[in-house]
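Right after this note come the structures.
Below, subunit A partners subunit B and then partners subunit C, in two separate complexes.
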Partner chain A sequence: MAAPRRILFHWSFLLVAALIPLIELVLPGHPHVGDLLRPIFIMAMLGLGLNILTGFTGQLNLGVAAFMAVGAYTYAILTCDIYPFRLGFWSATALTVLVGLTVGLFLGLPTIRLRGDYLAIVTLGFGEIVEDVLKNLDSITKGTQGINPLPSPSWFGYHFRAETYQPWYYLFLGFLAVLVLLNRNLQRSRVGRAWISIREDELASSCMGVNPMKMKLLAFALGAAQCSLAGALWASYLGSSGEPGNYDFQVSIIALCIVIVGGMGNVGGVLLGALVIMGFNSIVLETVTNFLKAHQLISSSNVFTAPGNWKYMLYGLALILMMRFRPEGLLPSRQFKAEAHPDEPHSPPTA
Partner chain B sequence: MNILEISDLTVRFGGLTAVNAVSLDIPVKEIVSIIGPNGAGKTTLFNAITGIYDPTSGRICFNGEEARRPFRRTTALALALVGLIAGLSLVLIVNVEPLWDTSITSNYVYQQTFLWSNATHAASSYFREETGRRFAIPFLIGALVGLAGAFAIWQRTRRAPEVAARAGIARTFQNIRLFNQMTALDNVLLGMDSQLRTRVWHVALRLPLYWRERDNTVRQAMDILRFVDLDREAQQLAENLSYGHQRRLEIARALAMQPRLLLLDEPAAGMNLAESQELMKLIHDIRDRGITVLLIEHHMQVVMGISDRIAVLDHGEKIAEGNPEAVRSNPKVIEAYLGKS
Partner chain C sequence: MSGSEIFLQQLIIGLSNGMIIALIALGYTMVYGIIELINFAHGDLFMLGSFAALTVVGLLGLDHLAAGAPGMWSGLFLMLLIVPLFCGSLNWLADRFAYRHLRDSTKLAPLVSAIGLSFVFMNIGLLWGGVPMNVFGLGRSAASPKDFPALVSNVNLLGQSAVEFTTKDLMVFVITLPLMVLLTWFVKGTRAGKAMRAVAQDRVAARLMGIPVDRVIGQTFLIGGALAGVASVVSSVYNNTIYFQMGYRAGVDAFTAAVFGGIGSLPGAVLGGLVIGLARAMCDQYLETRWTNVLVFTVLILVLVFRPQGLLGARAKEKV
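Coming up: the complex of A and B.
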């Protein structure tokens, strides 16, 4: 039977991910892989949010960083003690997701009848507007300095601290696993089917009784909610809302790269995409730079020789090569195989 | 009894009149064909029936009523809600900074308890000064714009394809429009979408209703695939099916909607003799299930073989209607197809 083996395969991923922080117990002095994985988890969540919109429903969105910014700032305002709200981590996160949902709906409602490039332009504009608003709404968002410091999360009396990364790692891994589970459930159901049918042929889909406006609005709301969850976790991780410039167009493009490189419309592909793109950024480039510096092959005064400065060019190159040789992504989605096998056991796979 | 009554239907695109004052009644459980030369307006007629085009004038009654979204109390409520939210949002946007300062910032001393009553009090006194500029004008503008926008969208989507589809009109397309990246089974399952009762939360959290419904729907979908003899291809992606199979899958997808009326747009296009014989048998079987069939077709053998009635369109106008023999010998029809002698 193929199905139980696949579920085992998915769970083993989660198990491996859960064991990663233990590496340094065995190998002291080893670089903290778990530490480096945290931002990757956050970007994977952002990619999952964008995947609902662009991967499933086929609505190109170039402004997901704005949803992330909304999440980060909402979380910051709700938790920081320079404001009166001073909520805890869990209630603030829950509220942030609700706010993200609403913002997604608000952006979705007027733009829902736009298609393709036009929608992309509007979302691009939305991203810029949010960034500018955050910069200029000084009394609420503290302008370009961002909102900080934020209190660390706590769980059952245990306070997370910046020095020990393991609790954070498991927190983010847990959130990511839950999101992956929810996304897969949605994908393999009438909702995912309707989303994909809209991507394939909106007119035919509506002739089959699917209400495209409703389904697109749903995609907008859920996608935005996930992106703002990513933003809230990012803010809690930084201990600051970050400055508005942290949520600029480049972040949206990186999220898009993650979805495209990984495989549009495939949850597993998005995870792989996040690992490849972000891992390249924070692990490969870092290691190469350190190696080169250690061997005095580059000097820090020459900006052209630092590999980190080439990263956007390399992303662009990666996109072009992907489009040329593997446009379906590293892990293309096999549509709905699970839904199509009614004899499969009922426990859904994770991570 | 007529399941579909088209009266004086005109569809105009700019200066071009695609369908001109066509009246047509489709009796229940009959097979009716629409024929006519290319560009006669047959597909436009289909598109008007299924809500893709809005008729310029005339009425299309399905089951005695027009397939449009009705104006219910919930519609009015939703419109009012959108207007209210838009108005309040504009008020908030216009006043956000001073409002925040007076109600939140000035009432909060660092790490002291914050009294929400003070904040709301400050906010209300803020709006009591200069009520017109701060509240009334932005609220009115926002509410008007929101209401007008919501109403315009509602108005323009009153006769949407999904409304016709949910009323019970299913169709296939002249150039096959399957969901290529979905399996044959999923294509059929999508056709069943309007009968499903699960909601987002059911499927996201896998509540019991989801499991019950999934098993049922997959079984029904397989039955439909068996009916069109495609059950062995259920797991194939639609784009990998052969042309004939794609044609039949499109019919299966339409049947999955459990329609009362099925519109087939050139189902026999590109089929050889044996295949079109099979298709005729399939159409007969569909009619025997109690579904009225309206089809556009160019294969005269198919048309003459299965139609109970035939309507002939030319240049957007109906030039003849009747049983196959009458239409075949009608001089106007011969003229439209062969030209004047």
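Coming up: the complex of A and C.
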């Protein structure tokens, strides 16, 4: 049945990802697939954060890029030489997660009462405000330059360097594996079941003794914490906080695409979504562009020939078509699948 | 300019831009009133309208004429026919092929679909800007802002006064005000408008009374889109620059206006548009331009959190 496949997917994803750098040892001179996979890991973490809010709890959030920005800038301020803190990688990351948690709580407190679509707009506004504030408060955030350079992480005396990508790769993969484990366990815990019950029917769930406000707030805090962790890791890898424009509305939408295309409310689905959406962006589009360039099919005067110029059309169509034909996503959670196809027989829930 | 003159000037600028925002906000509020969908692609529809307007300018060769030449007014008139038709049809098609199939699904499904459509529209705008036409600035990048020729002259109608109320400002009011009156009459006074209000109030009951619900919703999209089309012509002629990402900002401003006035209410959308236009103009002058967007979003969040029914929310029952 469907259940074993689902259980397998996220672990097999992590296992295959762990083996990929080894393939490159066997086949030297091959373009670094691992290099391309790192943004996928980061976006998968962002997607997992959004998944708690939108996938589990059913609260549409259009501003997760802001949480990522908070993470990246907090990490940058805590580690960069020009500020007094100068913390190491691990303590800075831990503090960043705490800050993300707090920001999530603060945004959640006034907004959780709002209806679905209004909440979406408020989170969109929050994302825009964060981006503009980061841009405008240049005495703290260095405006559009971003905060840099950041020291690279070290672990037990080993210093990460930009030239060797394998340590970074396994660092990110390790974090992703921890998040996957955490989210899987959360989903099956009392809290996760409460979240899902709120998504299905808030009134009924509150009648069953769930406190929707408390649970939604928890989802906000934990989701924001995961997104800011993704931001912190990204900043540590870039060696810079990045500019505020790196965390704009489009990033939030890409995260949403990942969750929706992959399968809302399913951890494995989010990983698949990140692989499909980001893989399309950094591998397929890149390859096609290089191929067309090599055969001189791209002219700089004609915008129609560059595949990159069609990117957002494809993302947009992906959202529209998924909503129309497969709203439950490529790899849905059991509840969503049952909901989307009520007439089909489905496996009874296993204890 | 003295202090009071500066204030008056910002008032005029704010009101003119506010009228344009109001036209876009009307499209949001009508669609929200009838199917409770935040039509996220509406701002980008407005952007596409501007590109359509510039294309018409290029096809008619209006960019070679001097501002205010006799051919200009007929050209403007022609644009006001073609562009709203284009935007209205596009909006109708969006409803027909995307949203109509999602009427019975969860509330988030059409919203996500609209976000997707907004990305599709934005991408079309980017590609459109690369069409080899003189008006799009041949040789420049497709993404760069395009100059919209000054079709209406910038003559100050107040004579020698330091405060400027130009022909362009006049044009904005001459086009938008009658349209708003017309729309109010249409919704309150015609059979089709009555059907619209009925569908907004209770879709099932309306269907039972023999109202073709899907057709009425389609009409709402058509009218809302046409209003966005008018707004894009007026805005292009007024602001003289267009670019493919302007839909997002315009959409957010207009949506804020609609929410501010009480989403679903027609007078609310106009009032909200004027308030947002004025707030932007005053913030540009008395605070700093770079904080204007933060101000608009803060207003949006505060209204949504503390008064989600909006300013004219008491009339929220009387939707559309």
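Keep in mind that, in the parts below, the second predicted complex is superposed on the first by the 319 of 351 C-alpha atoms of A that agree within 3 Å, B and C clash if a C-alpha of one lies under 4 Å from a C-alpha of the other, contacts with A are read in each partner's own complex, and residues count from 1 in each chain.
Rule of thumb we're sticking to: contacts are C-beta pairs under 8 Å (C-beta built on N, C-alpha and C of every residue); 3 or more make two chains touch, one makes a residue touch a chain.
Please read all numbers here as calculations on a predicted model, not as lab measurements.
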| item | value |
| --- | --- |
| Clash or fit (per the criteria above) of subunit B with subunit C on subunit A | fit |
| Which of subunit B and subunit C A:296 touches, first, second, both or neither | neither |
| Partner chain(s) touched by A:209 [first = subunit B, second = subunit C, both, neither] | first |
| Subunit B versus subunit C as contact partner of A:319, first or second or both or neither | second |
| Touched partner set for A:110, first subunit B, second subunit C, both or neither | both |
| Subunit B versus subunit C as contact partner of A:126, first or second or both or neither | second |
| First, second, both or neither for A:82, with subunit B first and subunit C second | first |
| Nearest-approach distance, in Å, of subunit C Cα atoms to those of subunit B in the combined model | 10 |
| Common interface positions of subunit A, toward subunit B and toward subunit C | 110 |
| Contacting residues of subunit A [partner subunit C, same complex] | 58, 60, 62, 110-111, 114-118, 120-122, 124-126, 128-129, 132-133, 135-136, 249, 253, 256, 260, 301-304, 309-313, 315-320, 323-324, 327 |
| Of all residues in subunit B, those that touch subunit A in their complex | 50, 52, 82, 89, 96-97, 100-101, 104-105, 107-108, 110-111, 114, 119, 149, 153, 157, 160-162, 164-166, 170-171, 173, 177-183, 185-186, 189-191, 193-194, 196, 198, 200, 203-206, 210-211, 214-215, 218-219, 234-235, 237, 253-254, 257 |
| Subunit C residues touching subunit A - in the complex, by the definition given at the top | 36-38, 98, 101-102, 105-113, 115-124, 126-127, 129-130, 139, 142, 248, 252, 255, 259, 290-291, 293-294, 297-298, 300-301, 304-305, 308 |
| For the subunit A and subunit B complex, residues of the former touching the latter | 81-84, 106, 109-110, 113, 137-140, 182, 185-186, 189-191, 193-194, 196-197, 199-201, 203-213, 218, 222, 335-337, 339-340, 342, 346, 348 |
